[in-house]
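Consider the two complexes below, in which subunit A is the common component and subunit B and subunit C are the respective partners.
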Partner chain A sequence: MDLLTHAFTFLYQIGDAFSFLVLSACGLAVVFGMMGVINLAHGELIMCGAYVTAATTRAGLPLPLGILAGALAAGAVGMVMERLVIRHLYGRPLDTIVATWGISLAATQGTLILLGSSMPGIGTPLGSFTVGGYSYSTYRVVLMVAAVAVLAGLYLAFNATRFGTLARATIQVPHMAEALGVDTRTVYALTFGLGAALAGLAGGLYAPTMTIVPTMGTTFIMEAFVTVVVGGADIFLGTAPAALVLGTVRALLTTWQGQLFGQIGLLVAVILVIRVLPRGISGLILRERA
Partner chain B sequence: MTLLRRLEGPQTLGRGPAFWTAFAFAVAAAVAYPWFADGYTVGNTAYFFCWVFMALGLCLIWGYGGALSFGQTAFFGLSGYAYGVLTLNVGAAYGFTLAAVVLAVALSAVMAALLGYFLFFGRIGGVFLGIITLSVTLALERFMAQTAGPEWKIGAARLNGYNGMSGMPPLTVPWFDGDVVLFPDVALYYGLLALLIVVYLALRILVNARFGNVLVAIRENPERAEMLGYDVRRYQLAAFVIGSALAGLSGTLYTAWGQYITPSSMGLTAAALPVIWVAVGGRGDLTATLVGTLLVLGGFQALTIYGSQYALVVMGLLLVVVVLAAPDGLVVAAMRGLGRLRRREAGR
Partner chain C sequence: MMPRTPRGSRLPALAAALLAGASLAAPAARAADPIKLGVLEDQSGDFAVATIGKVHGIQLAADEINAAGGIAGRKLELVIYDTQSDNTRYQEFMRRVLQRDKVNAVFAGFSSASREAYRPIVDQLDGFAFYNNQYEGGVCDGHMIVTGAVPEQQFSTLIPWMMEKFGKRVYTIAADYNFGQISAEWVRNIVKENGGEMVGEEFIPLGVSQFSQTIQNIQKAKPDILMTLLVGTAQASYYEQAAAANLKVPMGSSVNIGQGYEHKRFQPPSLANMYVTTNYIEEVDSPSSKAFLAKWKAKFPNEPYVNQEAENSYLAVYLYKQMVERANGSTKRADLRKVIAAGDVCVDAPEGKVCIDPKSQHASHTIYLAKVDEKHAISFPKTWDGIQPYWLGKAGCDLTKKDPMAQYTPSNPPKP
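Right, the complex of A and B next:
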């Protein structure tokens, strides 16, 4: 019985780390995989989603609708960002990084000036359940389900809709897609908006579990970055397995040495992995299949 | 003599008698400056000089080597803490502070070589290099921030978590009739000015020598450089180590200047600053980086007087505008404009 409890605790921790990595990284991964753009303001889009969710929920909206509002707001902000800045920097990936970093700095500090150093949070809903004498948060299980649902939703969006077909055509051979009548600029804009909305969704989902502060984006970005780096360019063959592997590493180290060593161990694991697999896990899988 | 001839060349913008006359005037003005300003202002200018080494290092890695590193502040903090730990344990007698500077910078160089080995020999390039170096920086900050407990000490030096370390001795030069202590004042100003000029000229020689030419060839087209028989990884690693060591030099000088160092000097905001200086000045040229860094630092401090919260917003937006409107940097654009103007005058 005791062994079972331990096993459950460990699985719960892996699931928790997995859902955190998938949710915080999927928006970044969509944008990187499709456009080769790394958005350093990703954390601020997450922060935007969390703020909108917290504000609308406190104003009386039910939490699921609040999370949806957060995702939509972040998506809208992302579309504006794409129109004003990112669009002019396609083909200059390093400049995109630098510019989005500028946006990130201005956004964090701007939020601090406009809305103050913190915002009253919303409590974690749904209470807890008990297994073998230990209690676990039910909401964390909802987050795990949400992570799997987001992956499934993205799979359907890219493989079963017209947008997905056009988007995949645009990544593979952009000028050919354009010659065949695809408006690639709109596809890029929509893709970036989708990535931003996913960031907002992550922020909204985690808003009830965190303190809402302007710098909260930094809690997500390191994990999001390393997941994308380890995963490589493909979301399903990269981000998801990477999140599983890294989630396990982090859960192991966190149980053994605590939260901080979980993070540092994650980073060391990533640096070792990229020495062996420069193109990430998806590169490995795709090469083997080819 | 060959070394001196390398002071100007294809990889640096300023050349010819006009540039060196301007350079001589700038140096003369910098030397004369303390006669016209009070000790506090001079110490404050010395504070600006502390940062320039880090910017020049990033200019070498990013502008000349084409590898965007966000890790400058990681090495800045690492060396700063190393200087603190060494001097708090050994003290400042017999000129040990100078040895501590050398040791602290060497530590950064070794760590940069280790990290760089994994990055460059794993052929991590482009955006991934930036992400990994940024992650390392953030992890280091988080690690230092949690060292508040009494168990976190190295010898006599307590790491002190988020409050940081303080009380380390300033730079001390042994002299015949007793030690000269370089407090943030005129003496330190002249010391840093001399060091800055030496580093600047040495970097000019480096980038105009064979090393710099190969580095720029790699930046322009890595495959071509590789086909021509150059080991791309070694050159990029060497540039990364030199640049990171310069960041470490900034860190030790800063720690010695203010006699304190905190984890926030490695945080996300701090890590953005060198990128802003170098991008705004012009990453492709050492002189532009030097001038741009001093200008942006001065502007930043002026803004801070009017409201420190807005300074970061302005800096962030400045970075976006520069990348969009003048990707080569403002100082480079100005220098090119001056050059064109002069040629047009000469043509008439």
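Right, the complex of A and C next:
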């Protein structure tokens, strides 16, 4: 057991925790950061992505296309949700909590009633590799790459496209954007759909590694909220660094004292951050910049 | 918000009216009244995968008994509530079946947490409850009959067998609540008694679904045997992730396969090389098991799997019938316990002969060692007949003499 193996082991664990936090949280961060909507049904959108991915993959679609289908399906569900419920609650964050929590309960129980209590898994592809006596799942590396790719993709979407410009304008001063001819309702709907699609993507990516059940969203949502709270409203200045910090905290504590302390560490980190930085990491960065 | 309250305020009145109606409708008990059995099981929520079969097992047994004329001339009537994998519901429904529905016995509970949630209510209201579930052991309570297997039955068979076959270095990963903690203590003790060595132990909070670090810790400790006492669907993700990381340590478990039929639900080969001791699963290849399965599939053709707890629930109804008949038709708890104290309440169950131990009111079982292969097919390398739930009695629980209504653990045995 040499130093290099130790270093790789540790980086792999940080990468693993980082990708889980980023992929769980980025959809939530888009919706919360840009629209101020606290979406407690985020976990169920992840579950939706996982179900669609598992179903389409079992039906014969290659896994990458299955994951894409999961993301698109969750995005579509998100747009419907926005049209029917969320749209009527803009500017009322407390009411969105209650409404989306209701949607979350209905979605979990509805899935249980319609599709039964569990769905057969699809198996993790790509096998394993070995470094210094330890074996690792190759697919976990794909998840890490996916997390970085999602961040890069979001950066481009918000900074290099017309949709991104309109979205940022709408978010900053909605009535001014409207006065300048921006269809803010469509922008909101699309942004919510994007957040939902990112949730679906996370579900699709993790579907091959997990038991697929109606309640699977709950295992994502705590991590997602922790990351968004620590990160603050901005995805690039907040979610990504928060996931890195929390991933490191979790990997350190889990290596040292086991899974329980990893979880406690995340929650303690949140308490410390909201005490010291009420607007999260991105709040700190943006304040210093301004 | 305000304009909505008048409509809402009618609800309590409506509920009160319904309750009043229900109590008026309840007639005075007559001799030919049915025997009422309360069934509190999780038909939705987290545990539903493993527990829907428990309700069906009770329904199947009740139908068979009713078709054959009932118990001592009285039909069985089931009062079934869905407890939704929620401990508060257990408490609420347990009060309801005992106080309002006035059932003669209750069949209730999957998780140890739910059992401990309702047990004080059964004790307080002097009910009689069957816990038909595999669990961590130790409940010494005259109001309870336990038909599920306990650690001394599952581990005292499994662990020595595995240590002989694979080696003596053992690592345990367990769910971090009473079931996992107490079961892990059992593993520790039995490994030590058999000259083995614990090389690691990790408790996983319920709801954790990511296991990279745990997998690495196990690889570091290089155990010969890994005991997996994981519970719930989030923790079940462990197996897929361990298989993807090519972790090939032989696994032993007291909870998988027998309850959640994971070998059917998970993609092979994630459970390859797992060994489980269970008192029943539908693969058990005996004439009585096959006959049972045929009856079951005829009544519930859409049942995904007939698990250990389904069979436990089924045989529990027959144990109850046996007790009531021996007590000359009485359903009073005191009379039934006199019958149990005689020590020969036994039924021929699908698994084989099952008897109630009078000291602990737990059931003896045939224990099957199930091996899961690469394709998730099941074989049975070994069977043990008539394994007694010996620990509680040996530790000093004797329900024929006193009733402490407590749960004990190996490190906290009954006080003499």
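Criterion: the second predicted complex is superposed on the first by the 289 of 290 C-alpha atoms of A that agree within 3 Å, B and C clash if a C-alpha of one lies under 4 Å from a C-alpha of the other, contacts with A are read in each partner's own complex, and residues count from 1 in each chain.
Here is the rule we use: a residue touches a chain if its C-beta (ideal position, glycine included) is under 8 Å from a C-beta of that chain, and two chains touch if they have at least 3 such contacts.
These numbers come from a predicted model, not from an experiment.
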Simultaneous placement of subunit C and subunit B on subunit A, clash or fit: clash
Touched partner set for A:135, first subunit B, second subunit C, both or neither: second
Partner chain in contact with A:85 - subunit B first, subunit C second, else both or neither: first
Subunit B versus subunit C as contact partner of A:112, first or second or both or neither: both
Touching partner for A:272 - first (subunit B), second (subunit C), both, neither: first
Partner chain in contact with A:210 - subunit B first, subunit C second, else both or neither: second
Touching partner for A:219 - first (subunit B), second (subunit C), both, neither: second
Which superposed partner A:157 touches (first subunit B, second subunit C, both, neither): neither
First, second, both or neither for A:260, with subunit B first and subunit C second: both
Contacts of A:123 with subunit B and subunit C, given as first, second, both or neither: second
Identified clashing stretch of subunit B versus subunit C [73-81, 217-225 or 325-333]: 325-333
Contact residues of subunit A, present in both the subunit B and the subunit C interface: 109, 112-113, 215, 218, 222, 260, 263
Contacting residues of subunit A [partner subunit C, same complex]: 9, 12-13, 16-17, 20, 109, 112-113, 116-118, 120-124, 127-128, 130, 133-140, 208-211, 213, 215-216, 218-219, 222, 251, 254-255, 258-260, 262-263
Subunit B residues within the subunit A interface of the complex: 68, 115, 118-119, 121-124, 126-128, 130-132, 134-136, 138-139, 142-143, 146, 268-269, 272, 275-276, 279, 309-310, 312-313, 315-320, 323-324, 327
Interface residues, subunit A side, partner subunit B - complex: 32, 36, 38, 85, 88-89, 92-95, 97-99, 101-110, 112-113, 215, 218, 221-222, 225-226, 228-229, 260, 263-264, 267, 270-272, 274-276, 278
Footprint of subunit A on subunit C - complex, ascending: 44-46, 48-49, 52, 176, 202-205, 207-210, 212-214, 216-217, 219-220, 233-234, 236-237, 240-241, 243-247, 264-268, 270, 304
